[in-house]
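Note that subunit A is present in both complexes that follow, paired respectively with subunit B and with subunit C.
Showing the complex of A and B:
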């Protein structure tokens, strides 16, 4: 068979922020999510030997790579793993590495001072890091090989409006680089991430029951993007792309846009609140001189 | 690559000593590497000069003037200058509408001492790309006429509202031009109307082109090879700094949402953008689309100007695409890798291990993270967000205070 095997790269962004409602309620939820995600990651690697994996943890203070492991954490430890329970070595390696890296991340975090209790997860930054990693891997690809990449976000956070700019930059870059963005939301509907899935052609799913996380991941998010056309997956959510005006945050149909900073207002105002430019108020319409009818007497 | 310094030196003033030493062969005796390095250095210089606080003209109306005269069948750019130009323009038009979604473009060609408009001022990239692709059928003949082309463009640009930025980009392959009158009068007219003209010369620098650019505040460039041509062309994708007399006004825009009529009463209608199409493509009857909030005409894609009531229809992501011009990422500081060798091993964003071939590493001024060269270019050209600043609470708070509040 001369067919080129296409590599599929999966980057998982796991939201481990302890301020999420799910984790504050019951800390065991994190262990459950982590086990489901690791099982999902191993299933992805099992599909094809050419498949690749990366995983990031988006924590309260920073975002770090869990897999491939940062070498500083392991020093010069040779990766000689013995088989445990007859499990395939690669899976053991993935599981052990992810658990160890996450453990070290959490321990490092508890030692330093706590950030405020209500701090949001900086998912946009984690997505930006994932895109840089994907970009590097695509550059290193040997010629003649293809790779399709996707990012899966597993999060229990609420929508965050303050990261709008970063989110939009990330979505447009992902669209241009042909990276699909999938989102698995465990808590509530996140309209910004829904827009991202729509822009990049990915899937958005809100899970009704946390116990079924692994089932939902395997059913919806395991097939790679070229195969998804042949499957029947949950239909895309209707995203409302209307803009919200900056003064009242209401969705509007017709608005006024400042030509300098592109901020949107629902009614005319003489000064733009964002960039403070003064607008020329629309003067009276020029009156056309009436044409005199020539009397034909 | 002419520099616009007034104190330009001439050969007899020994300003041009041994200019061939600027281009050097690399180990295999090829010149490509050094031309690529020149392009790279010019790109970094341009990035360094960009500030975040200059007002930019976002709603751009650009006229492309393409030289279709005899000299464009010259084969110094492969396969011919005309075909190379057409290929690069297809990429340029796509990228232009991607980065400036609320702008409009028109195309004019000049040949046989005349100028002809092949595509009207519009915001739809597909129409323009089709018009450019049909140019391969048009034979190159005669001499170009710079004045006729400029007058033709000026006639349309004159009608535009004052808040729109008016631009002309001329791709000139010939060293001559055949004009009916005095071209200085045209140049003065353009300057009075506030039209910014830029020229990319394919052969050599011509004084009148350079003067035109200087008077109107545009950019002038002469290409070295096709990669340099692409680089010069793509320089014009970024919005130019707004002229001081550009009025700032509130523009009325509509934000339609996509409606699908379901059920038995769903009426099949045709969209207004394809209602006039003579060829079979595009004019399909369907029951959903974007409805103008003012007059309820249906359109199949955005952004578009409503034909019935004149309202510009956009969606919020289209405006969001232009926000990164207003809030660019600050330039990273270039550091020698030898100094940082014991402190840092990996690039923060892509986790690449630094090796001997990484001569320089780059540090972000705000979050102090270290990045490799590839990530630096990726962040500044495509991503427009520093991953270090976006993953840190204190820096991301200051980022969101500067930027526009979202929906």
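Showing the complex of A and C:
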């Protein structure tokens, strides 16, 4: 047993928020996404028998584990473990469990009354749950075994500023725990998640067409992080790390930072609105007297 | 061409040069020859340009003198005195003798300069490279290079050297070498000598007294190392010595130091000792008497060590008046004998000592910055933040997320549910291919190098395509060009005539560089590394072009102003 098998844990976060434009316009897209992701998940399991998988569905109001199923539901699932079409039982199990859990999640959605118009995906929360799950598995890991963990986000929504702090916490935790964050964006450019990918050393890919989703997933995201260095993969995107000013919350290139409380402003104001420190205005730049042209004749 | 200030040291008539008769002049700084009945000098060599002189061998019919120049050319003078060969030889020898003296004088000067330049070049590889690129390709002249581009190196050389401290082990570091026959050889560097002088001022005094007049430098040092003074511990006898006096002086110094005691209470280890009052009730303090009764050789040794330490520390304090605690602590290693005497300091000055001690301790205990800081906190306002939540916000949510009405949301949800119903039905239609071939191929196309998603990959690989030597060459090109450009831009705005001249000159140099260095490089790259083509030099060209543009506009303005 000299050969040490390194486990690779893949946690997939699938955005199933009905507010995504992709789903609103064509509900069949969800089926396609789901099928692609399941196929991708099974490919991951197929690579090594030690590989592990988890999958979360991120909805507008809740996030739930699709796989592995919650322990309560496990009893009913076990009966279904029968070979179908010569497919490996584990794959069948993964496929069926995920489908069923997501179906249940969607069915439950109508029963609970809609709350307000908050319809953004709770991606940060889903990421946090994924991190917790990874942490738990790492704790349970028997000594002498290695596990590399990563989170793959498959989403069609834009990133929301209201979850900014949660995002940042998640990113830095992931970095601290050596968890790679990959993002496969199906529609929007997500500058926040780009930062997360950059910090954790993951890949960010915005796919140009949904049709080839499975192809993109297999090509770019299937190899586990330690192997990626050896492959020719899309280069990291230039990440926009600009800060937002406190006054208008707009991204600024050059701003004024209060030396006392480190608040950021896009315009100079003599009194910092956060800590009320009074600053002297930087006087007008001395204007040089214009040189008169000397005629040379 | 001859200026009146130049003295003619020797004038020899009837000298033939290139089949013309004339007069040879040996002047202060150059050798000149003038044709008869002309008033212009046709041959003139500066002595600094002359490498050597040669004479025709004895017995040859022609009496000649040849001067070879540094640039490889030479001139031959034929002495044709009508008075016969004897006079010719005499003429020639006169010139030769004088020339020899003069050349010697100038050679020294020129050699020093050359050596200096050589040293600078060998010490600064980047300067050497610059020299190679700019001077050897005739982009700029050698003089210009030394006067302008190497200026900072020359100046750096002239900067003041920092005074080094004295190492405690400097005497031990002089490793004598045995020469095989019972003798020792000491290698003394200027640094070591300086150290000895600093540590033993008495030796310096002796050195001043003796060296040039009574002894030579090496004799002095031989005596020093042979002397009883240096080997005091090993040889006890012998007193007729140059340095006996030194020893006496040193002893006096030491005594003075001991009696002065240690003024710093923090390093005075005797005061650290616990003193009980029950034995003698504080009157009998001289416990060190018991320890003193050791071997006299040991005592001498310890005394010597202490003295050495004191001297080394003093040497450090002489030029830097700061006394850091660490140095003092070293001194605190000075034990027993000295310490015991510091106890006996007279009670008269104890008051003064007391305040000094207090001050010293105060100095160690009180920190200015801490003090003022705590005061500040009492006076200053506390940080009161309002609207803390602003720290927690990211940028404004983008305009993209259009708000859905509840109905819409509901409709989408129901549709999704309908979609989901089909997932788990047993009679689920066999899934069609998840990816159709066309989509897969296009996705692969995008992900292979050169595809739409692989932008930026090419630029990275450019670095791998450039071989090391090419990279080095490019680096050199950059260095040279930047140097030239730097000088070009410093001449702007050209307010004075010298600056104007410099701008013109640098502009020409840039052009020369362009044609002599950049163009060949570009051609080579194009020939050998065609995929790189213009990528590598595009920035260089850009810099050059902006300089050319600046020059052109300046010239244009000047013309307009003139009109």
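The criterion applied here is as follows: the second predicted complex is superposed on the first by the 238 of 297 C-alpha atoms of A that agree within 3 Å, B and C clash if a C-alpha of one lies under 4 Å from a C-alpha of the other, contacts with A are read in each partner's own complex, and residues count from 1 in each chain.
Quick note on the criterion: contacts are C-beta pairs under 8 Å (C-beta built on N, C-alpha and C of every residue); 3 or more make two chains touch, one makes a residue touch a chain.
All values reported here derive from a predicted model rather than from experimental measurement.
Trainee: Give one of first, second, both or neither to describe whether A:41 is in contact with subunit B, with subunit C, with both, or with none.
Mentor: Neither: A:41 stays clear of subunit B and subunit C.
Trainee: Touching A:96 in the superposition: subunit B (first), subunit C (second), both, neither?
Mentor: In the superposition, A:96 touches subunit C alone.
Trainee: Just to be sure I read the superposition right, which of the two partners does A:22 touch: subunit B = first, subunit C = second, or both, or neither?
Mentor: In the superposition, A:22 touches no partner, neither subunit B nor subunit C.
Trainee: Could you look at A:205 and tell me whether it touches subunit B, subunit C, both or neither (first, second, both, neither)?
Mentor: second
Trainee: Quick check for you: in the superposed arrangement, does A:276 touch first (subunit B), second (subunit C), both or neither?
Mentor: Once the two structures are laid over each other on A, A:276 reaches subunit C alone.
Trainee: Identify the partner contact of A:261: answer first if only subunit B is touched, second if only subunit C is, both if each is, neither if none is.
Mentor: Both: A:261 reaches subunit B and subunit C.
Trainee: Is A:244 touching anything from subunit B or subunit C once the two structures are fitted on A? First, second, both or neither.
Mentor: In the superposed model, A:244 contacts both subunit B and subunit C.
Trainee: After superposition on the shared chain, which partner residues are touched by A:151: those of subunit B (first), subunit C (second), both, or neither?
Mentor: In the superposition, A:151 touches no partner, neither subunit B nor subunit C.
Trainee: First (subunit B), second (subunit C), both or neither: which does A:162 touch?
Mentor: After superposition on chain A, A:162 lies in contact with both partners, subunit B and subunit C.
Trainee: On subunit A, which stretch or stretches are contacted by subunit B in one complex as well as by subunit C in the other?
Mentor: On subunit A, the residues that contact subunit B in one structure and subunit C in the other are 119, 161-162, 164-165, 244, 246, 249, 251, 260-261, 263, 274.
Trainee: For subunit A, which residues are in contact with subunit B within the complex?
Mentor: Interface residues on the subunit A side: 58, 61-63, 65, 68, 70-72, 115, 119, 122, 124-126, 128-129, 131-133, 135-136, 139, 161-166, 168-173, 176-177, 191, 195, 199, 238, 240-244, 246, 249, 251-265, 268-269, 272, 274, 277-280.
Trainee: Okay, in this complex, where on subunit B does subunit A touch?
Mentor: Against subunit A, subunit B makes touches at 55, 58-59, 98, 163, 242, 247-258, 293-294, 311, 315-317, 319-324, 326-327, 345-346, 348-353, 374-375, 378-379, 382-393, 396-397, 399-400, 403-407.
Trainee: How about subunit C: which of its residues touch subunit A in the complex?
Mentor: Going by the criterion above, the answer is residues 383-388, 390-398, 400-401, 403-406, 408-410, 412-424, 431, 434-436, 439-440, 442-444, 446-449, 452-457, 460, 558, 561-562.
Trainee: Along subunit A, where are the residues that touch subunit C in the complex?
Mentor: Answer in residue numbers: 18-19, 23-24, 27-28, 30-32, 34-36, 39, 96, 99-100, 102-103, 106-107, 109-110, 114, 117, 119-120, 157-158, 160-162, 164-165, 167, 188, 192, 205, 207-209, 211-216, 219-220, 232-235, 244, 246, 248-251, 260-261, 263, 273-276, 293, 295-297.
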